[in-house]
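One structure, pasted below without further comment.
For clarity, chains are labelled A, B and C in written order, and residue numbers in each chain start from 1.
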Amino acid sequence: MTPSSPFDYAPAPESRAVVDIKATYGLFVGGEFVDGHGTPFKTVDPATEEVLAEVAEASDADVDAAVKAARKAHERVWGRMPGRERAKYLYRIARIIQERSRELAVLETIDNGKPIKESRDVDVPTVAAHFFYYAGWADKLEHAGYGTTPLGVAGQVIPWNFPLLMLAWKVAPALACGNTVVLKPAETTPLTALLFAEICQQADLPAGVVNIVTGAGATGQALVAHPGVDKVAFTGSTAVGKAIARTVAGTSKKVTLELGGKAANIVFDDAPVDQAVEGIVTGIFFNQGHVCCAGSRLLVQESIAEEVLDRLRERMSTLRLGDPLDKNTDIGAINSAAQLARIRELADIGEQEVSGERWSPACELPERGFWFPPTVFTGVTQAHRIAREEIFGPVLSVLTFRTPSEAVEKANNTPFGLSAGIWSEKGSRILEIASRLRAGVVWANTFNKFDPTSPFGGYQESGYGREGGRHGLAAYLEGGQR
Amino acid sequence: MSDRIDVRKTYKLYVGGAFPRSESGYTYEVTDAKGAFVANAALASRKDARDAVVAARKAFGPWSGRTAYNRAQVLYRVAEVLEDRRPQFVQAVVQSEGLSASKAERVVDESVDRLVWYAGWADKITQVVGGANPVAGPFFNLTTPEATGVVAVLAPERSSLLGLVTAIAPVVVTGNTAVVVSSYSRPLAAVTLAEVLATSDVPGGVVNVLTGSAATLGPWLASHMDVNALDLLGTAGQTELARDLEVAAADNLKRVRRAPAAEPDFTREPGLDTMTDFLELKTVWHPMGV
Amino acid sequence: MPITASSAATAPTGGSGLADVTSSDAALRRFLHGLPGVDQVGAEARAASLATRSIKTTAKEQALDLAIRMVDLTTLEGSDTHGKVRALAAKAVRPDPADPACPSAAAVCVYPDMVATAKETLGDSGVHVAAVATAFPSGRAALDIKLADTRDAVEAGADEIDMVIDRGAFLSGRYLQVFEEIVAVREACARADGEDAHLKVIFETGELQTYDNVRRVSWLAMLAGAHFIKTSTGKVQPAATLPVTLVMLEAVRDFRRQTGQMVGVKPAGGIRTSKDAIKYLVMVNEVAGADWLDPDWFRFGASTLLNDLLMQRTKLRTGRYSGPDYFTLD
């Protein structure tokens, strides 16, 4: 996808030598790696379809054992440990993550398919930062406003799009508040969570404080439904989020749900156009569009729509798709065959229903692996499925608007409410539009920025509860929300 | 004097600032604590609930868009009017809850004070709950709470005034609008409060009061896709109903405030959670540059 | 050294809807202030992101040679002598005496009084002589002095004139004055034989401070007929930076989109390492496009950069690290 150039970028692959992938992996329960009793499953490199490892599936009994281990650790050790001591364990973990950052980044890229530059420059540094941030809260909870009483055992289920980062978002605040955790990583991306288990050992974290059970939906369901779990934290699809909400109904379990989105990225005619184009690209093509808060609906003011689209196409033509381990790759592999099928299906529906154009830059897809080119649909309206349903892939729907009110109405015309973007050079307009958008995160003149201090989470069907910042503590303390 | 025949009242619903009869046409008899007839109350139907949601949705934008100072003024005005009508509320509490006049007076006083307490929160909750976030980069980053939207409130069954006020005030003071299902057996304070709301400065639709059964209306409100949140306070002790409603509420991921095992002691000062449970946090990022 | 007298900027505004924008100070102001704003954080983030490109092996070889061909080897000191300039010119023609395959630099860049000396040494090597003129570096002189300075350099044989704009006039909003001065200097670059000197317009972006100003001044200079737009004199800090160059590359890209005409870009000052130079080339490639990856359209104003490029080039060819003793000082 590089334009013809006097110097085509030569391959610049990051070395795989830094990671040591085992042939088989067990569960991490009570501080030890143990066998699972379900049916083991394989995790593959989505860029090559090569099988990376066989991973144990946690049965109901395994989940039970993990919850019991977590309960024991909570009651005997972690829940009664002074905050400043818990803090030091979390600081240790943060440091080890920094020290092993290259290894974590490469493993994440191999198991997930995301470009190494993203795992190296975004995911892993943010993971370390998250542990550092919450480490510091562990001995300051009395100042946070939610009391100091932990909930107990947290059952946490995370998705495949940011495997290690989502782990950090879940584990760091839970541990800081004195809870113990049983975490289930996604079945297509379990490897960095299992490496994190090793890091817990390396940090001498007391046994049972962190337990990791691998498996698919059934394992997650067993965990969420387990009566010994006091807190459920889930990131993933809205459909599963609703099922979890039903599962915990009538119990005393607290829940946070971080679910899907269909964010509007609104570009006004006075936008800083070059940065807006970057923001559109970052918004939808970062991490192959496997981002719940992706700016998947571009709302561009009619008067500059053509200009913005011209620039966007030109910019997209410089995106480099291919080997995720190549340091110059911008667009990596789609995480799984199933996700690729889902993206293709919705894109095909888009092609049939939309009167506008389906466009991708000239782009050679590798023969093996799961790939989808960055794609833009123009002429989309709110009535189209590709403007309503979360595609979770590198597919942008372009809609236009004429007035600020129309932009807000269209942006809010969705059951989701996770994020939104605004591009304008007029301060008062930004503040007004930001206040009228029904979304938990509003990026004005930027997009897809994350920080441990900044709470993240949605309105409406994008879920409830916040992760990150002081507010993220509320989910793990008795004095917190719901 | 005693020969005079009472003018018996038939109370109506309070929806969108108006006092309609129930769409169903049904009423039910309200008795005092000793079982004597007091009045007829409208028996709200699912269609009344639907209309109330429409009214609440319509009122949400303007109400949440008012300044916090203004919402504080409006709530404080409600407290003033309630204080004005003190004898009427005392009588309602005496009749409904079977309290002595002096105890009922304390309940009314507490209710007025509760309204005053919540009124003051309107322009403070943002500062207490929100904040600036020191992100590691050149960005201005601010988190502020915003109202969730339309909240269905199942009011407490026993504490007909203080419990009711304690359920409604935190919902609306932050900018939400409410569809309230009053105590079924003790609706007098609720209908009187509706008259107070109608004659104070609360815009129509901000608080809608349905007299009727939580078991009947609850499922419709809990499954309503245009209701954003559900306060199950009125289901205290009814674990099965509470669970069913929470399950139904998952259809659009309503924010659910679960009921305690038993109706709480409302004389205790409420926590911030009564407000934050129906608030969303919005975080806005903006770059800082020249 | 294949720089040709490409007439990039003749009548740049014809037929592109830009003819009226320089008709008055008010019109020019309206136009420049109507350009899309530049968000500082976004622009810097984009530049930083491009800087993470990893250029290795064959790509690096190509990039190093290209960068050498783009260097305007510069000496602009009060202590310059004819001897110094002759040495510099010799180095520009043959940067690595040990390797005849090593390409020449694009030009030597000197003060006007050294043009004749440089020209004499360079002969028909193809390496150009660029002269800084117009009361470089401050530009604080009367217009007729600046024009005389320019004509002097052109008469002495300068192929390229690097002028400075009047930053005071620009910052106080007298855009038309800046515009007209550039037009006048460009006229002073004319030669009777038609082989006009090419005009590079230096903005001194370190004094203009904001990226909005960089974008506006870029358009102003292009409208006035600049062949090249150049960041800095090298006498003010900060000199060239990646984000400033990004904004200028966006400007020349957009100018071509609107007028069909290409304008060159020259970051100058502070670019000392091969690594830096390659970051710039990546940016040229991905922002303006591969058409600009040519000494006709992109230059580095530098002095110490050349030796680092040569050392890296040698490292790639020999497989071992080299040292400064193996390269000539000038």
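Note that in this section a residue touches a chain if its C-beta (ideal position, glycine included) is under 8 Å from a C-beta of that chain, and two chains touch if they have at least 3 such contacts.
If you're wondering where the values come from, they're calculated on a predicted model, not measured in any experiment.
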Most centrally placed chain - per-chain CA mean versus overall CA mean: A
Between B-C and A-C, the pair with more C-beta contacts: A-C
Distance from the mean Cα position of chain B to that of chain A, given in whole angstrom: 37
Intercentroid distance (Cα basis), chain C paired with chain A, Å: 44
Averaged-CA centre spacing for the pair chain C and chain B, given as whole angstrom: 70
Per-residue multi-chain contacts in chain C, two or more chains: 39, 41-42
Touching two or more other chains - residues of chain B: 137, 139, 287
Multi-chain contact sites of chain A, meaning residues that touch two or more partners: 445-446
Contact footprint of chain A on chain B as seen in their complex: 128, 131, 133-137, 139, 141, 143, 146, 148, 228, 239, 242-244, 246-247, 249-253, 255-258, 273, 276-277, 280-287
Complex contacts: residues of chain C adjacent to chain A: 36-39, 41-43, 45-46, 52-60, 62-63, 66, 250, 281, 285-286, 289-290, 293-294
Residues of chain B defined as touching chain C within the complex: 137-139, 287-290
In the complex with chain B, residue positions of chain C that touch it: 39-42, 44, 209-210
Residues of chain A touching chain B in the complex: 129, 145, 238, 241-243, 245-246, 249-250, 252, 257, 259, 415, 417, 430, 434-435, 439-446, 449, 451, 453-457, 459-461, 463-464, 466, 469-471, 479, 481-482
